[in-house]
Each structure stands twice: as C-alpha cells, then as structure tokens.
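Chain lettering (A, B, C, D, E and F) follows the sequence in which the chains are written, and residue indices restart at 1 in each chain.
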C-alpha cells in the first residue's frame, strides 16, 4: 500500500459517506415541513442498512469473481479481504452502494411506507445495484469488457437510481397534497454544498490513487458543477427574472451527475461543455416533469436520469485518448459513443424492470405494501411514521 | 515524516475537530429551543478553551515523561516539540482533549452556569483528562504497561466523560422544566452525521498512519455505527411501531462509541457484534434512565458510558491476535478481558471522584456556583447567559 | 508528484471549497430572516461564477508569467497545465479565488442587486483579485520579490476583500431597515465551524506539501482561532455580563484571518499572541463600526480588514528565521515589518480604488445599477430577487 | 347589517380544504396561523429525548383561520367550514370548533372605506 | 347563558402553569401561540449583529392563550390565569393582560352542536 | 367608557411603522404575530420544487397586530394604523384591514386591576 494513495482513499471514502447526509438535507429541504424528518431518514437509514448488507454479501455479489453478469459469494462477510488495498476498495465502494438507493427516495417522499422501504433497500442492493456494479466495474463484467467508460458511476449510480425512482413513483402513486414550495431552502443549499464537497471524493477517488488522474478528476468535477449551476441560474433569471436558489443548487447537482462517468476521461474544456449541457438539459427536464403523470416528486429522473444519460453520452463524445486511452467523438471516433449507449440502455432496462418487480411483490406482501394510509399522509410522515416533529418551539417546547 | 501518513493525520485531525461542532448540533437539537444556543456554546467553547490549555500545559501533563500516573511539565507551551511527527501527534491528541469535556455537557444543559463551566474546563482537562490519557496512552502509563487496549479512546474519552457527566448531573440537580421533545430534530441528525464523518478521523487516525490498520479501523467504525443505528431503529419500531430519528442517530453514536477502543483490534465480524451490542445496551439504558433520579439530561452515560464500557469489554472479547497482537475471549483467552475491566473501573472511579470534588469546590466559590437562577432557567439560557435568541423571525427580524 | 502531498492538497482543496458554503451560512445567519437565501446565494454563486472565470482566464492573469504587476494569457483555459502538480496548484488556488469575493458580500447584504453582483464577480476577479495574487504569490510579482510574507492570503484574500467591501458599502449605501439581531444564530455557528474546519486546508495546504510546515501551520491555525474566540468571549462577558455566541464565532474567524499570512512563519507562541491580538482588535473594531457612516453590514472590514492587517503586521513581528527564513521584530529585525506594511498599503489602495471604479461604472450602466428598489428591500430579497422563502411552514407548506 | 368574525380551530392538514370552502362560499378575505391546541383529543404519541420511549403530548398542532363577514353569511360560512374540516362523515375528536364574535367596525387600509363595503 | 372568549397574554415560560390552571378550573379547551409583545416592560437586552454590543429590544416574546367558556366561568378562569401567570407574589412588569370579549355562537365541527354544549 | 380591541392585518414589512405609530398615538400595549393571509391580492410568484418554474401562491405572509384600548381612542388608532400601513399615497391591494371588536373586561395580571386602568 502506498501511504499517499491510502490517505487519499480514506479521505475520499469519508467524503462519499458524507454525501448521504448531504442528500438527506437536500431532499429534506425540498419537501413540506411536516415530512422533513421522514425524508431525511430515507437517506440516513441507507447508511445503516446498506453498510451491513454490503459487508455481509453485497460486496461479494458485486465484486466476487462470478461471471459476466454477477459476482459470486466468495467474499461473503468480506472473508479473505485483507486490510490493504482490497479492503480499501471494498470500503470506498460501500459508500457508493449507500448513496445510490438514497437517491431513489426523492421520487417517493411524503407517502412511501417506511418499513417497506427498509426491506426494499436490502433487496434492491442485492438484486439491482450489485449486479449492475459488476457489469460495469468488475474486470469480467460484460460492460467493462465491452469497454464502457463509467469512471465514477454515471450509469451504476445515477442512471440506475433515476430509472428505479421512476418505477417506484409509478407504483406508489401520486402524493395527495404536494406542497407548493420547498419547506426549508437553507437545507437544500447546505445539502447541495455537502454533495459538492463529497463529490470530490466520489470522482477524484475513483482512480484509486492520489495522482494526476485524481487531480484532473477533481478539476473537471468542480468545473462541471460550477458551469451547470451557473447555466441553471442564468436560464432561471432569463425566464423568470428571478434566480432560484433551489435551481442553482439543482444545477450544481446536475453538473456533478453529468461529469461523474467522464471525470477520468475528459479535460477541463470538455468539463465546461458537459456542465453547460447538464444545466440546459436538467433545467428543461425539471420544467417538463410536472406535465407528466408520474409524481417523481423531487425530480430524481430529471436530474440524475437526464444528467446521467447526458454524462454517459458526453463521455463518449469528449473522452480524449490522452486520458482514458480511447478516443471520443471529438477525436473523430464514434465507437465509444455507441458503447456508452449500450451501457445506458442496459442499465435503464434492467433497473426499471427489476425495481418494478421488486416493488410489485412488496406491495402484495401482507403487512408490507408501498403506501401509507391517507390519514398518515395528511398528518405528515414525521409524526405518523417516526413519532417526531422536526421543530418544536411552541410554549410546550 | 512520511508524506502519506502526514496527509492522513492532518486530515484526521481536521475531521476530529469537526466532531465538536457536530456534537454541538447533536446536543443543541435535543434541548428545547430556548436553550439551543447555550447548548451549542458549551461544546463550541471547548474548542476555544481546551486548545489553549492543551498547548500551554495540557499536552505536557498528558504526554510528558513523568511517571506511571501523570506526565511532567517538560513540554510546557509545546516547548521542544518540532514540526514533525511529534507535533502532529500533539495536534491530533488536542482534538481528542477538545471533544471529551464537550461530551460531558449533555448532562448539564439548560441549567449549568456558563462562566463556571469555562473554569471547570480548564481544571478538568488538567486534573482528570490529561492524567487518564497518560495512564492509557503514554508508554509509561500504568494501564498502557498493563496492556489495556484502548485504540482510540473508549476509556479515556467516552467512559471518562460519561461518568464525569453523572457526577455533574448529580451536583447541578434536575432541570425545572425539561422539554418533552427535541427542539430541532434536523440538527440532531446533521450533528450525528458530522460525528460519524469525523469519527473516521478519530478511529482510523489513531494508528497514526495511512496503512492497513487505518483501513481496517475505518471499515469497522462504519460497520459498528451502521449496525447499532439499525439495531436501535428496529427495536424502536418493534416497541413503538414508529422509528425515531433521534433514536437511530443515537444508535449510530452508541455504535461509534463502542467500536472506538476496539477499532485497531477487531475484524469486521467483531464490529458487527459490537455494533449490535451497542444498539441493544444503549437502547436499554436510555429506556431505563428516566427512572433514575439523576437528570443526565441528554443521556450521556446511557450512550457514552454504557457504550464505552461495552466497547472496552468487547475489545477484550473480540480482539484477534492478527490485529492487536493479543488474543481475546473468542480466541479462548480471558486475560485481556480482565485487563480491560481494570481500565474501566479505574477510569470510572477516578473520573467520578475527581470530577465530583472539582465541581463541589467550584460550587462553593463565591461568584461561581454551578446553577443559574430559577428565573434564568425559566427564561432560557440563550437569552439569560448569551443575550441571544436562536431564531428571530417576527416582524422585528 | 508525491502521492502524500497530492493526497493532502486534494483534501485541502476540498476543505477550502467548503469554506464558501460555510461563509454563506455564517453570513446568512447574521441577516434578518427575509434575506437569508439572498445572502447565502451571494456566496454560493461565487463558486459557480469564479470557478468558470478562473479556468477560462483568471488563473492565467494571476499566475501567467507576465510581469511584476500582472500575469499574461499564456494559460488561457488552463492550456498547457498538465494533470500534475501544476494543475493541483491551479485547483487549490481556484478555491481561494472563490471565497475572496464572497467575503466582500457581507458588506452589501440585504440591498445589493443580484444580477449586478454576478457581473461584478467576473470583473473583480479579473481586475482586482488576479493582479494582487500575482503581486504576492507569482515568483516575479513585485511584492513577492520584495520579500513580503503572505503564507496563505492575509493580504491577497482578507485585506483585499475587506477594503473592497468598504468601497462597495459606500457606493450601495445604507440599508433602510437593518434588523436588530441575527436571524438564525445556529447558522452563524455552523458557518464558523465549517470555516474553521476548512481553514486547515487554507493554511496547512498553502505550503503545498504534507510536511512539517503543514503540521506547524495546522497547529498555529487552531491556536490562533481558539485564542481569538476565547478572547472575544471573555471581553464580551466582562463588558456585557453575557457571552455572545455570534461574538465568539466572529472571534474565531478573526483569529483565523490574522494567522493566515503568518501560518508558515510563526511558532505556536506567536500564534497565541496573534490570536489574542485578533480577538482584541476585531472586538474593538466591531464595537466602533456602528458609529461610522458606512454600513459595512456584517463587519467585513472590522474582521477581515483589521484582522488581516494585524496578521500581516504580526507576521513581520513574530516570524522566526527557523520557519520562514527571515527574522521578525521579536528576533530584533524591523525590516520585515516594513515590507509587510508596504504590502498592506498597496493592497488597500489598489483594491479600494479599483473596486470603487468598477462599481461606479456598473452603477451607471442601464439595466444594472447597484441597488434594489425600496420596495424589494422592504419585502426582502429572498422573495424579490430569488422568488423564494427560506422557511415555509404555514398551513400551505 | 352588522359584521361578525368567524374563527375556526381546525386540523392543520385540513386548512386547504377550509380555505377553498371559504373562497367558494364567497369570503372576501381571511387569514390563518398555526397554534397549539388542547381539547378533548388527548394528544398524540411522540418520542421523547433521544427516542428511547414515547409519551403522550397533550397539546396538538392546530390551525386557526379567521374571516370577518357580514352577518347574513354566518350560516353559509359555518356550514362550509364544517364540511371542509370534518374528518370522514362522522367527524373525529379534535376536528375543531368555530367561534363567532361581533365586529363593530371594519376598515380597509388601502382606501379607508368603512363597514360592510370594507369586508 | 352567554359565552365569552378569554384571551391572556402571558410570559412564554409561564404557559405551562397557565394551561394546567385552565385544565384544573374545568376549561374544555383552549389554544395558544407565540407572539411578540410590547407594553410597559421596556424590552430585553440582546446582542446585535456580530455580538460586539448590546441593544434594548422593545418587543419581547409573549404567548397568548385563548379559551371560550360560558359566562359564569369568567371569574374562575381569570383568577386561575392570574395565579398561574404572575411572577412571584407581587407580580412584575410584563406579566401580561387578560381580555374578555363576547362570543355569540360556538359550533363543534365534529357534531355540529351549537352554543353552550359545544364549548 | 367601554373598551375595544383593534386588530389590523398588515404587510410584514410595515409592522415597524405600525408599532411606532401605535406608540406615538399613546397605545399602552399591543402584540403582533405572523400569519398567512388571502384577500384580493392574488398572491406572489414563487418558485416551486427544484426551481424550474414559478407558480402563483394565493396566500401571502401578513402580520396581525392587536391592541386593546378605550373606546374614544378608536379613531386615533385607526388613523395611525392606516397612515403607517398604507403603501405609498394611494395604497395598494393587500395593504390590509382593520377590525374593531368589543371588549367587556380587561385585567392586568400583575396587579389584578380591572377595566380602563388595566388597559
């Protein structure tokens, strides 16, 4: 083990872990105030549940030898993973597994049944996340072998979570009383800030070393986040004569999503282009979403799906041989773009279908079910599911 | 100095420093809203006061050569500590000294006199914390020589703070009007998240290198936190049909406490067991506490005491020769468990008695005293002791 | 590239980036609640705008070869900066460029026109920040060649921002209805905590290596922050019989500001002295400010100006040959103090005049202008400029 | 014709139904605010402290809504509020109360108009 | 028998005493809410801005509590509130006020009951 | 002499003007509180959700202020409030309303004084 690389990967792992509470506040700030605790808990519990699943079998299903489609059970309980680079990799990857299902929850806030969600977490990590991670990142995964580029998880994390979010939103149905405005905008901003901060670990850690690749990934990550935030802000100002803070924060996240698969493959100019695209496409998607019948409440698909797909394609466009070893469209080669498209389609299809089936089954199991009662939804899930109120400041505080 | 180790220890020091504001918000969110600032300040001022004390004489009392019981004054003002590994160690250790008395404050919120607390900080670090740190971590400390295992401060930090908290709660007496529910639950969660994040520095930094020990410590830290959070959540759901966010956050902290002494000595399966135990024992302790006459308001002993004792014993149970060089109970050796028990009892006894005497004396000194007036307590300490209100949003904002 | 140094610089860059959201909350908590979003956005948008400017031309203007006064355009778009130490330097420096104009915004909150501010950002970074950075940090900068010591940006960042803040406050005029108390004090504290945390990257990263210099810088940073916070708290307690949390947080920031130029040049005793001075001087300045006609609303000059000037002079006083290679006043040499004074005066003069001219021009351009309408100011900029409310918790939430 | 103030204490989750009902029955204006109420509904179960145990909280969040109308709208407004605020067909404990009080004068700030036309 | 509304402005830290007193005197229901008040009490000293200096804040946090009762409970309720809200034996400036206003109708949302039985 | 309660719904940004006006006209005390109001002012444009689009929010933040005074101060108080609360010379929709209601008794908690002297 090189101590410098180890130092960076430990740091990066901590940074990625922090993204999940960041997401909890980002989402928590967007819902109405009677659901802020329940929304935060959807993310926070992923830290608790997925960590355990990952250690017990998740890592093995994802990175065990297995075949082109799925790992095997050789690393159950992290058996045989010595405290060295392998264990560090398992730890770093654990943080990715934690945040991915947390991303989904943006689509189901304010009405999904909490206990069912916990069961869903266990199954989804096992049946959806781990296999797709295997496809893309395991040396014998079929997408890896095909040459799909996904430096830090554009398909595995973002497209995957986004399309699962759509499946979940369809099955759980619309909210009865969606709030008009975000309930706590400072939470949205601090959440976005923690995501931005943590994303440096996410992307610049994904090269597994403290080297030039990491430095470039760090730079392009910041560049894309900034550009997308700025783009969104400008579009918002032009269209509405006001600049939404929630919009700028969302733009930043969209840019971070889009640069994720590309962070090891593009230069800083490519990053600006990717950020610009992310700002425009995610903005448009968020505008269109309310016109669609599916209540993807916090626009998971509009940001992580659209941003993720754009990023995966953009990786095929802007990748430069000097970085990723393969030429992209701007170097005149269309092949990589095609490979990227295969990765996108496969992830979209598998994740949507598998998630749909899992939730359909959970809906039918007595005692589970996807949706809270109308009464609980009206009262708000903070009290109904968690027995708590976010802020208590009346005379009885 | 190895640059990689230095990089990690610098990072770890920053992470541990961040735990104190994390704790400030964790505690601040648990009190009623008229005391949130005063509660935050109890922790925050530890950063100010203890840093100075540590530099001037605290480090020397703890890590000066001295004898088996206490250091000497050879490093006063960090004299002779060159900017290298020694200074890095002094910095890293400073962050531990900062958070330990801050932990105590959970027992005395909403009624302790702030100025007296500042004096207490100075004395307690000198008379209680530094000696115990010397016993356990100085090469000639008597517990160190006896072979007590305390990787990152289960006894020095947690048991120590917890029993001091009990002494303080006894002497300051019960609150007049304890609130029913936490005043700001999102603060509790963000506090817990920052603690979890910072704890990677706390535990994975305690090996003082970016190596396999650090990687293992990082993994087991996350594993125990997650398991304990999950355990608490499940117990809470079973007993009350609702899953308390404050409970899950507390469970995570309990797991982090319990793994602290063990982080360099156990494997990931041991960590799951330790986390499970922490979840169960801390949950039970928090349930029992209200039945006890001592108003340890925010359950410092139930979490840091019970979790710390369990962790210290569990270190004797689950330690594996491969990591710590000594066998634990699971490897058939009962001796380490006995040594751990000695460390626990010595810390409990010394810290309780010494803290009790310090506070008793402070109570008698004219102009000091432990408790605010009834009127100040009723009005809330934010206004009474700090001249401030946490949130101002009436027409006059 | 040394992997350990790289690991630390990546971490430090992330830490410095986090300071800007930290500042956003620090400032956001100090304004009245109808302007919290707009205040946060002033800082947050600096991340978006300055990142892009820095990549496109800012870095080149600051660190391109050029002459003694300004860089050239050789690094436009970071052309020719390979993913190695140079790129890492560009990234690290980018974070400094981001936070500097954000600091200015404390003087113009609650009434400055947001769109004009965005234009101002672009111009100010180019015309004011980049040249001053060149003077001080480029190997051929005139202040660098003169031997001015500014380890981490006392002049470039703090004095520069502070005097620009005064110019901006003069031109934009006073607030119509300044609030009496901070609107959200916990935000002030969490902001200060994130600043403190991030400042470890700011200062201990500025030696560009994970070595003894970094360790010393880390230690003195913490020492000065703690001492200044404590000093402020004690002064506040003596004068008012209450200890202001906003004051203690401000004290910490003042100490961090003051140690910034000195972090690579002084020992821990010097740091305590610098922190003490920062506490006293900034406290006095904040007391005096309301008596001055300029509405530097959040005391940018009182903290960053006074603290920065004190720090720059203190560097000339307390620098020890062992660290910085040059003797300070305490080693009997007055020369360095004189050089420091030149740096201060040059920065004060240039930044004030240039900022004044820039804003004067922006004020005259039709469609821009510095100040919002009276109506918008009364209603609050959150709704007027951003179409958002920070907290929504009425029945319509 | 005299004017009256009609104030209702309702469940927070019903406030939208109530305001819609008020609009549809022709109320010119109203305002609402969150309060804490105690009545026959003996509170809700909430977690205390660190979430080890639950306790019953006597007081519950309620929303008050107030509208000033002319006398002869009293019955229409009351009926509208009842329909919008009641839980289910039979109602549940905690559904709230309506209080009617006399108003002797109403002034529109903008125009200075008085009485009925100002309502 | 007519009905009245009794509203009291009290110190926030006394609200629990007041609500207990109301319960013990037989009030069927009430609600309370935080407000900002100004009266003879000339405010509190608070830190301004970054905490360099203090200023006197005219307005102070108060809590209002309101209960609607039948006429003949007026004196009992007033006495109960005074006892619970007063600071010490002699009271202090800022202890608050009680306002009694007529109520012409009370309706229970749940049942539609009117008048006294609905209180 | 009888006592009355004067309650005004005003724009939050005018509350300071209003409280100053009340003081200058000789009001002994008052309190105010933030509420959400709906009237002729058809709301404000706000961003919804993640800030892609704006929607009109019917309800707008308002502040209510209430003071209890003796009868013969009615006109002075109303005039003072109108002047302080009105936007510009002509006023704008949303400037608010004033409601006057009878008060039958006032009690000062501190002293137990009743009626006019307690106001």
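Note that in this section contacts are C-beta pairs under 8 Å (C-beta built on N, C-alpha and C of every residue); 3 or more make two chains touch, one makes a residue touch a chain.
Predicted model only: the values in this text are computed from it and were never measured.
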_Minimum number of chain-to-chain contact steps, subunit B to subunit E_ = 1
*More C-beta contacts across D-F or across A-F?*
D-F
*If you average the CA atoms of subunit A and of subunit C, how many Å lie between those two points?*
33
*Please compute the C-alpha centroid of subunit D, do the same for subunit E, then give the distance between them in whole Å.*
19
*Where subunit A and subunit D are represented by their mean Cα positions, the distance between them in whole Å*: 43
*Quick one: which residues in subunit E touch 2 or more of the other chains?*
12, 16, 19, 32-36, 45-47, 51, 54, 57, 59, 101-102
_Quick check on subunit C: which residues sit in contact with 2+ other chains?_
2-5, 7-8, 11, 34, 180-182, 184, 210, 240, 242, 244-246, 248-249, 386-389, 391, 393-396
_Per the contact definition, I'd like the list of subunit A residues that touch subunit D in the complex._
34, 177, 378-380, 383, 386-389, 394-396
*Across the complex, what residues on subunit C touch subunit A?*
1-8, 10-11, 13-14, 17-18, 21, 24-25, 28, 36-37, 40-41, 44-45, 47-52, 55, 77-78, 82-84, 87-88, 90-91, 94, 114-115, 118, 184, 187, 210, 385-393, 396-397
*Considering the complex alone, what residue numbers of subunit E touch subunit B?*
12-14, 16, 35-36, 44-47, 51, 54, 57, 59, 61
*Touching subunit E in the complex: which residues of subunit F?*
5, 19, 23, 28-33, 68, 101-112, 118
*Of all residues in subunit B, which touch subunit D in the complex?*
30, 180-182, 232, 236, 240, 242, 244-250, 283, 286-287, 289-290, 298-299, 302-303
